[in-house]
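First the structure, which I've put down as structure tokens, then a few questions once you've had a look.
Chain naming follows the written order as A, B, C and D, and within any one chain the residues start at number 1.
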Amino acid sequence: MKRFSLFSVIMCLLLPGQVLASDLTIGFSWNSVTQPLERAWEDYMKSEAEVQGKAAGVNIKWVFNVADGDPSRQANNIEDLITQGVDIVSARAEDAGAINASIRAAKSAGIPFITFDRKSGSVAPTAHVGGDSYDQALTTGRAFADLLGSKGITGKCIELQGALTDINAVQRTKGWAEVVAERSEVSTITQVPTEWNPELFRSGLANALRANPDANCAFIASDFAITAVQAALEEADKWYPSGHPKHFWLATQDVLPGAVPLMEAKYIDVSTSYDAFAHSQEMVRVAIAIHKGQDPGCSADGCLAKGRVVTPATIGTIENLWSKTYN
Amino acid sequence: MNKNILQMQNIKKTYGPINALSNASILLKKGSVVALVGANGAGKSTLMNILGGITTPDDGEVLVNNKKVNFNSPVDAARYGIQFVHQELSIFKTMTVAENIFINQFPTQFGIISKQVIEATTRQLLAELGSNLNPHHYVESLSTGDCQMVVIARAMLGNPKILILDEPTSSLSKYEKEKLNLVIGRLKDAGVAIIYITHFISEIFEVCDSVTVMRNGTTISSQAIHETDNSKIIELMLGDVASIEKKRRKERNKNIFLKVDKLQNENKVKEATFELNKGEILGIWGLLGSGRTELVRSIIGLDGQPKGTILINNHGKLTPISAEYLSGITAYVSEDRRGEGVLLPMSVLKNTALPNLQKVSGNFGMIMLNKARNLATRVIKSLSIKVSNFDQKVGTLSGGNQQKIVFGKWLETEPYLLILDEPTRGLDISAKGEILKIATDLANNGVSILFISSELEELMKISDRYLILSERHVVAELPGDSTQDSLISALSKTVQGSAA
Amino acid sequence: MVNMITSILNFGRIKTKLSPPLLITGLMFFAALIFLFLNSPEFFLLKNIVNIFNQCAVLAILSLGMSTVMIGGGIDLSLPANMALSAIFGSTIMILTGSVALGCLIMLISGVAIGSLNGFAIARLRMIPFVVTLATMTICGGISVWVTNSVSIFNQPEKFFDIFLARVLGLPLSIYILILCLIMTQIAMSFTRFGWMVYAVGTSPAVCRVSRIPVKQVLFSTYVLAGFLAGVSAIVVTARLGSASANIGNDSVILDIVTACVIGGVSIYGGKGRPFGACVGAVLVVILGNILNLLEISFFIGLMLKGFLIIFFVSLDGLLVKQNE
Amino acid sequence: MNLDFTLNRALDFAFPIFLVLVSLGFALVEPSFLSLENIFGMLHAMAPIAVISTGMALIVIMGKLDISLGSIALVSMGVSATLLQSGYGFISSSVIALLVGATLGAVNGFIICILKVNPLIATLGTMLTFRGLGNQITDAQVVVLPDGFRALGNFSLGIIYFDTVICLVLLILVHALHRRTKFGKVVTAIGNDETTAERVGLPVTRTIFFSFVIAGMLASIGGFFASAQVGAVTSFLGKGLEFTAVAVVVVGGISLFGGRGSILWGVILGSLTFEVIRSGLNYLGANPYFYQLIGGVVIFIAMYAAAIKTGYSANNS
């Protein structure tokens, strides 16, 4: 037990104590932090808070915690935030269903709740800030269809889906399905769910390729695990840049840092950016507005920052694409 | 041929209060077979453990080839050519004969075991022992006798000067015994000296050159085989019981309580038939390995389903019942007190309540603590158990008091039948007395008792009748007033009988 | 380290009635509270205390179940998966029929059913508890993922939430349910025939066999009881999260349960410990999680801490067992 | 007796037959399923789990279990990935990864042999401790490995993959270790009966300890293959792998009660069975969420079979 008293003593020394005395404290609950994307969001939110905060004369403090993909832990974390007495609670939901309870709790405690990036299931938050995943898939899909059309190719595509607990993944599937329905240039020959697990990205795609030798294109629900896709394609001898006869046509989502060089090298044909910077900017704006009791003025779907279509042609020139610049 | 290879002289060894060996000696000549006999608790195994380097003596000396030695480990002993074949065979079922023989001394080249080498050696070794086992058969498919062969072969690998065989035949068939005897003969010729521990007196005359008898940790005789005979040996083993005053009044009502008819349980019990009267103490008399424990366990269905019929006196007429039913009205005091008798880490209260939970619980199976407490107090009082309070952990009690707890918890179930299997093992004199007293009192109150003991004295003290067991058969039945000699001769006769 | 432990042992034996593990747990608890007092006074707001208990309700109920199994000498890794599956079944039925009562009933029934499956395999077929429940865990997980496509089910009838999120005398219902379960389990283990049998079986099946205790039935029923409690926790967790999904049964939960039990003084070697202890253990686990959050210490350090706690307490327990022999 | 015997023989062949039938079934629906290409593809995909199961097999034959293997894989790869990022060479970082695996295995060995903690609980504890450690190291981020690394992961001569070959070599080595060396014999003996092994004077403690070390090293090699195939180290690495490994071993006819089974054939059979089911379902585009369920059921059946075989001797463990 020596060990433990010692432990707590050390902790005491480590701690400056909880600081809550500030104009606006935003408690933010991450479902999990497993990609550069989340880091980028966090950094941009902090920096934006400085900028916009000064402008609006609000001193913004952040309290972040992480639930490591466990919905009940996220519920606990959010309750902790509430009892810590933050002024605004915001969360990236692990589970669209489970977050409802947390929103209820926050509201009953009279604290506004902003869902970030992932929407809640049934209970409406004070506001939602995020990317427009549906639009994202739609724009990419259309651009992809145009591209294939211009090359005179009819795309037989493998769709790699995200985790269906993630509203964004669902929206992207919807968007892509929409495109497939409206355009003759592309069709989905098989769907591979990945649970956002890179190993499934690889094995799923590899199997799908073997099962469907005639496949010539893929719609990747996110390019955070693009190396896994690359591995599978290399295994199938289909990993060649655009222009090469063996080129396998790739449409991805997000343009995350890992994907940028690959698009520059023409392996990825089209994608729509997932604009961490824009999201964070929006997040802070909405938070301040709510804090000041103003209407953030969101659309019915929430305050959505639309992404921009990126292609090897445009990636060099496109303005402030976070994943290009982000460390 | 008559060179002394081993002398162990006035060895002493005490475990806490009990002194296991007070003055033990044994002498072994090259190429001879010495039988080491004695009732259990006589100290045979302790003596052999000392020789095998498993324990060290407190006093006395061990000479190998007339040089004084002291072993601190089996390895030391092995270095002096001493190999110990334990009663429970150290074999590995899922490994082959060859692997089992070489298990702790595989020959390797560059760390690789060559199957050819070990199998060749194994064949040759087994051939020497006159066995034709296949080296790459798995041991789990072998008979006990063959397993024995494997273990002996393993011992031979460390080419021993002295081989200790502890109860080698306890679970062998007649045929296998004969094979073993041949092996022993061959070993003798090879100049190996053998110490042969057994409870089957008959065997001694088949293979041994001399007999060393121990009693209560002392060597009381060492004789050449031709100078002695069955009854002499058994008498020496058991010691002559001075004037035994029967603890019980002579005249008994012959009101039959239980009848066991042709009870058969695999090879544990064979065609056992006997009767037990109400309030009678039936002494079960037989040497270890004669199937005493197996018999009593079988009738209450502790070891699988026995065949044959058990009848109980139901208002004057005998009606057949199941072993389960019988166990429902039986109190069984196991010979393994710590393993099957008491829950060591638990309180006296809980131990005494264990078989009486029905009794101490009320509605919805709620335990009535006061009832449980009363019960515990009753037990403690009636058997005058020395405990501070009934929350004391049984593990902290003396052996005698633990045994009394076992009795007490059973008495509270108001049993009709009481089975006592070596109830006084490891207890001091006074405790022994008390235990016997309790037993007789119970019998006087009409409880029928099956009483197993290796100590003829206490057996004779309280038994009203004797059932003689040998080689898992009920071989005879003697009246309560039979003398020690008649009991011993009965035993040795049957031993002779079975030996022939 | 060793003489530290032995000193604790003696302390535990002579000066107090507490068993050493519980003693250490108590001290940890104390340390934690002092620490919190120093670093976040707001922790001691009644509001937060209530919140803590509300958070640990599910974990505590599961730990109660686990404690009965452990005392009987077994272990049940399938409890969280069982909870998740029961929650999913119950919610589905609830949504189909719109009947809250039926939904809850289904949760309890499926909990018991899965528990009896374990019990049967272990008591009757004499399979290894750890491995059997491991398989059950995988299967339950598989079924939940399969039937839900790992999408969570969240439109249970509002009535359900109204009932189970209701606050009585300012306390959420879940706390009352926890207390009820605690009392019932504690009584069952300490004051009933069943309980005494479980302790005996956990201590020595051989003695029990000779003493005419129905060992198999006893073992079986410990798993059934655990299953039932998993069913109860399914109701609580569904109400709490407002949804049922496959990953409420993820494997970090089982870690928390085992941690709660071992630091609550329940011996994995059977026969020792109290449901109450497990409950305290659960509270401690939640408080630790809380502290880590306050310190913004990563969840992963928390994992390491728990893993360490398990090993520390179990080895301590092993040492005790030796001492007793 | 005789019936039991025939039953056992039947059970020995149950899973090979099952495997063949299932494969044929898939092939009927999708003829290309049994194409050489796909078969070697599966052998490629199953390499990581096969390697880890090899270590598990050794432990199981000893009558114990190690469910921390997946986490060990994560930690060692986490370390090597971060080293690679901070400019270490490929060789050095890989060697260090191997050492990390060995060390963590040694930690298990220490807890089990010295602290005398029941292996199940011990490795349950370390499983989570190590997972925490691993994620702490990588910050739970997706760490992208250099291209050379990934190239290695999918390097193949014709249709025969590099890691498949290595995996086979390791399998044969460990198999030989088990069948042909003193160490292996002691392992089997311990699996038979630890106390007897001690009585005969075998180096029980040492053997147990080193078995866990070996298992740890194999785990890190398995982790190496897994992350090489994906070209990144992710927090998913090795999650649930330990359970799959147990399943593989059981399906491979290696008894959980210790002492029985062939590492080489057992592991190949086991991992192939699961890979066939997985890729087969994937091939048919069956509901992918169905896989975990099938997996669980297969494990349960395998264990039930094992329980029957060993006559319910649940005393070990």
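Quick note on the criterion: a contact is a pair of C-beta atoms (placed from the backbone, for glycine too) under 8 Å apart; a residue touches a chain by one contact, two chains touch by 3 or more.
None of the values given here were measured: they were computed from a predicted structure.
Peer 1: Going by average Cα coordinates, which chain is farthest removed from chain D?
Peer 2: B
Peer 1: When I count C-beta pairs in contact, which pair ends up with more: A-D or B-C?
Peer 2: Per the contact counts, A-D leads.
Peer 1: Measure off the straight-line distance from the CA centroid of chain A to the CA centroid of chain B, and report it in whole Å.
Peer 2: Once rounded, the distance between the two centres reads 74 Å.
Peer 1: Centroid of chain A to centroid of chain C, CA atoms only: how many Å?
Peer 2: Chain centroid spacing, chain A to chain C, equals 35 Å.
Peer 1: Quick one: chain B and chain C, Cα centre-to-centre, how many Å?
Peer 2: 46
Peer 1: Quick check: what residues of chain B touch more than one other chain, meaning two or more?
Peer 2: Expected reply: no residues.
Peer 1: Any chance you could list the residues of chain D touching two or more other chains?
Peer 2: Residues 140, 289 of chain D touch two or more partner chains.
Peer 1: On chain A, where are the residues touching two or more other chains?
Peer 2: If we look for residues of chain A contacting two or more partner chains, we find 68.
Peer 1: So, with touch as defined above, which chain pairs make the list?
Peer 2: A-C, A-D, B-C, B-D, C-D
Peer 1: Flag every residue of chain D that touches chain B in the complex, lowest number first.
Peer 2: 176, 180-182, 185, 188-189, 191-193, 196-197, 199-202, 259-260
Peer 1: Would you mind writing out the residues of chain B in touch with chain C in their complex?
Peer 2: Interface residues on the chain B side: 302, 327-328, 332, 334, 339-346, 350, 353-355, 357-358, 361, 364-367, 369, 395, 409.
Peer 1: Name, in rising order, each residue of chain D that touches chain C in their complex.
Peer 2: Listed in rising order, the residues are 65, 111, 115-118, 120-122, 124-133, 135-136, 140, 240, 243, 246-247, 256, 287, 289-297, 299-300, 303-304, 307, 312, 314, 316-317.
Peer 1: Taking the touch rule as given, give the residues of chain A at its contact with chain D in the complex, in rising order.
Peer 2: The touching residues are 32-36, 39, 68, 190-193, 197-199, 201-204, 206-208, 210-211, 213, 224-225, 227-228, 230-231, 234-235, 258.
Peer 1: Which residues of chain A touch chain C in the complex?
Peer 2: Interface residues on the chain A side: 1-2, 4-5, 7-8, 11-12, 14-15, 17-18, 20, 63-73, 75-77, 79-80, 83-85, 94-98, 100-101, 104, 121-123, 163-165, 195.
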